[in-house]
Amino acid sequence: MRSVRWARAGLVIPAWLAIAFLLVPLVALLVKVDWAGIPAHLANPIVVPALRLSLLTTSSTIAICALLGTPLAWLLARSTHPATPWLRALVTVPLVLPPVVGGVALLMAYGREGVVGRVLFDVAGWSIPFTTVAVVFAEVFVALPFYVLAVEGSMRGLDPRYDGLAATLGASPWRTFRTVVVPMVAPGIASGAALAWARALGEFGATITFAGSYPGRTQTAPLAVYFLLESDPQAAIALSLVMLLISVVILGALRGRWLR
Amino acid sequence: MSLQADVRLSRGVLHLDLALSAQPGQIVAVLGPNGSGKTTLLHTLAGLIRLQHGQIHVSGSVWDSPGESVWMPPEQRRTGLVVADHLLFPHLSVIDNVGFGPRSRGVPKADARLRARVELDALGLGDRPDVRPRELSSGQAQRVALARALATDPALLLLDEPLSALDPTTRAQTRADLGVRLRAFPGITILVTHDPLDALSLADRLVFIEAGRLVQEGTPQEVIARPRDPYVAHVVGLNFLRGRRISDQQVDVAGTTVVAPDVPAGGPVCVTIPPSAVALYLTRPEGSPRNTWPVTVSDIQLVGQTARVSLVGPFTLAAEVTTTAVAELRLGIGQELWATVKATEVRVYPA
Amino acid sequence: MRRAGGRFRAPVAALAFAALAASGCSPAAGEPGNAATRHTVVMLAASSLTESLTTVAKDFRASHPGTDVQLSFAASSTVVTQVNQGAPADLIALAGTAAAVPLDKSRIVKNGTRPLASNTLEIATPPSNPGNVNAITDLSRPTLNVVLCAATVPCGKAAAKALSLAGVVAHVVSYETDVKATLAKVQLGEADAAIVYHSDVVSAGARVRGVQIPASVNQTVDYPLIQLTNDPTTVEFRTYLLSDQGRKRLRDNGFLTP
């Protein structure tokens, strides 16, 4: 069975190369950090506000993704309309769009001179750019596709006969969705939310283009890391480490519980 | 709460066109080969598929009438559905599964659980209400599915091959439990199956569907005595031939004369012969049987102590002989034999 | 009959291919060393020099056939970080002598620093002036969207000093990564006003409207030109930059030259 062993080596070596490629930068981060000085570095005045802002905005983003994305995923999963694959492709666009391009697009839509933004400004005096709301807009724009696609995949795997059965038992479509569909795709929802949250946490290009960067209001953790890199590199590394730890903890917790 | 249904619709290659009616307390078995439209029929009654023509009335209220643009969605109909692979909600306990129907109809949680309890007890499942479906055996799961369907007090109980996914031993036991429970059910039961034993042991009436159309219906006794279709005859286990009357004692079947008593007047007739009445001989026998034909063995199936021998001759026949006979005759495929049937064993009735 | 070396053929072939591919790569431009054979200059510069340096480089290429100038623009602080981390560059130009302080001195050639040009600050508003900004004191109005460069970049430091001297607390809504990003917010109509360089207002032309900052509070930013390698083409380009032709281009774009 020489050929089998060969095939295995042929697969294992690239696999380990891939693992090394991903792990080495993370390990380097741990090695280069000035462990003793972390508390002092994290005391840099822009660090804590940035972390707090990031946690606030990403939580809002996930809530919006769940509220808007779950019904959309259901629609995509169950619809037999011929336009459905097109709609699905449309939802995927922000995934392949460079984030800065996404930011520009958001400005064109919701900026003060934007298609929708101009109406909002003229009628209600609301301006979205440079606000925390703008940060949430940018994060939802990039994270929602992740959520929808993950949840849709999970819903497609759900035997459609359950819907009909629940209906014969007297459940309205809304009740069926709430008490049968959602609990049964809960693992998919959890992993979709985790992916979306991670994407939102790391969002930079769309945020800085659409929302700008102002400490405590729009300067999220990734933006703070970027700005710290030139003024206080050790603080940038320390903040990066904190973000890494938070991500690992949350993703690890979700992984164990939902993705058995 | 009677059922009057006139079901007409087309789905792909299936063209369903039949009328069905039933009275409360009746158990109607619907049989037919795969693809004949049995499940589609159930789904129209449940409201999961809409009719294109016709109507469905249950106790005077209209459930589906395309002509009048009336359609009642499934959640408003009083139906209970049980499928072959139970489809219990995996994230709910047994008692919550059974209580799902009442809860969906607005019954408070505690009352729903009580109702569920009653149904589970009636099926002997009251002892483990809080387990998850994955911990149940297949037989138990099917009974829970039945309890769940009955907990809503349906007017129409729809069973879609409820026993087909069970292994033979479990199937026999579950069939027995099902029979007991169905007798006590006051509504109408429509049982779709392709297992003759289910139909004959559980149902008051049998309805046979082929290619979307009704080919025969009647009580088990009627159908067993007088099948009017090859499939029906196959289900009840009889040899089935079509022929024309020649005289009071003779029928012409595809050019061969078959001798039988009491051939009715009028041209076309059905001829049935029980497989057990077909005797096999190595050489042409002398003596009384006047139905003697040369045949060739095309297949032999051993079922316990008996063997079912498929024969090809002037027409195809199945004979049922003991395994001893198989040995004595040294039966093998391709062997040429003589088959005889006593005239008195042949039954003839109008087509 | 099995060939003993048979099982190694695939990986050996792969390694050989990889080695070939690697050797086929041309040496990175800007690599110090083969001075005699190279005709390319790699220059990193502050983003405020974008338009002017691009034009000068084009002139140089036209008048010195066979040469090439590769330009890359970013905030001065970013340029310094990149050079300190080993980015291959022959020349750099920074906004403000203070920006050169963190630079790794060992990379600079002897006497390699010369003043290239200087810049002053100016307020930029969209052409329609939606915020009605006409003086530096207007910037404190709370209804305005004012955008500045981040304090870590020279433009931001200078703007902060000018505002403090003027006694104005601007209603800032965003601190951008470099002066071009700051200007972009004005050009897109999202910002009512921004403090950028005079050269940026000049190069934006009709897309932007300029508002003068009084000389008493305005800051001058000097741009040092720093030489990192000694190869002939680099020296040629440096000379060209500091010559009358180079300086004229810079002045056309709003810079002041010594």
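Letters A, B and C mark the chains as written, and numbering starts fresh at 1 in each.
The working rule: a contact is a pair of C-beta atoms (placed from the backbone, for glycine too) under 8 Å apart; a residue touches a chain by one contact, two chains touch by 3 or more.
From a predicted model like this one, the values you see are computed outputs, not experimental measurements.
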Fewest hops from chain A to chain B - one hop per pair of touching chains: 1
Distance-maximising chain from chain B - centres being C-alpha averages: C
Middle chain, criterion being Cα centroid separation: A
Euclidean distance of C-alpha centroids - chain A vs chain B, Å: 54
Chain B-chain C separation of Cα centroids, rounded to whole Å: 85
Chain A and chain C, separation of their C-alpha mean positions in angstrom: 33
Of all residues in chain B, the ones touching two or more other chains: none
Multi-partner residues of chain C (each touching 2 or more other chains): none
Chain A residues counted as touching two or more neighbouring chains: none
Residues on chain B engaged by chain A in the complex (per definition of touch): 43, 46-48, 73-77, 79-81, 83, 87, 89-91, 100-101, 104-105, 148-149, 152, 158
Residues of chain C touching chain A in the complex: 6-7, 10, 75, 77-78, 81, 145, 147, 150-153, 172-177, 181, 185, 188-190
Interfacial residue positions of chain A with respect to chain B in the complex: 159, 161-162, 164-173, 175, 179-180, 183-184, 186
Chain A - residues contacting chain C, complex: 2, 6, 10, 107, 111-113, 127, 129-130, 208, 211-214, 218-219, 226-227, 229-231
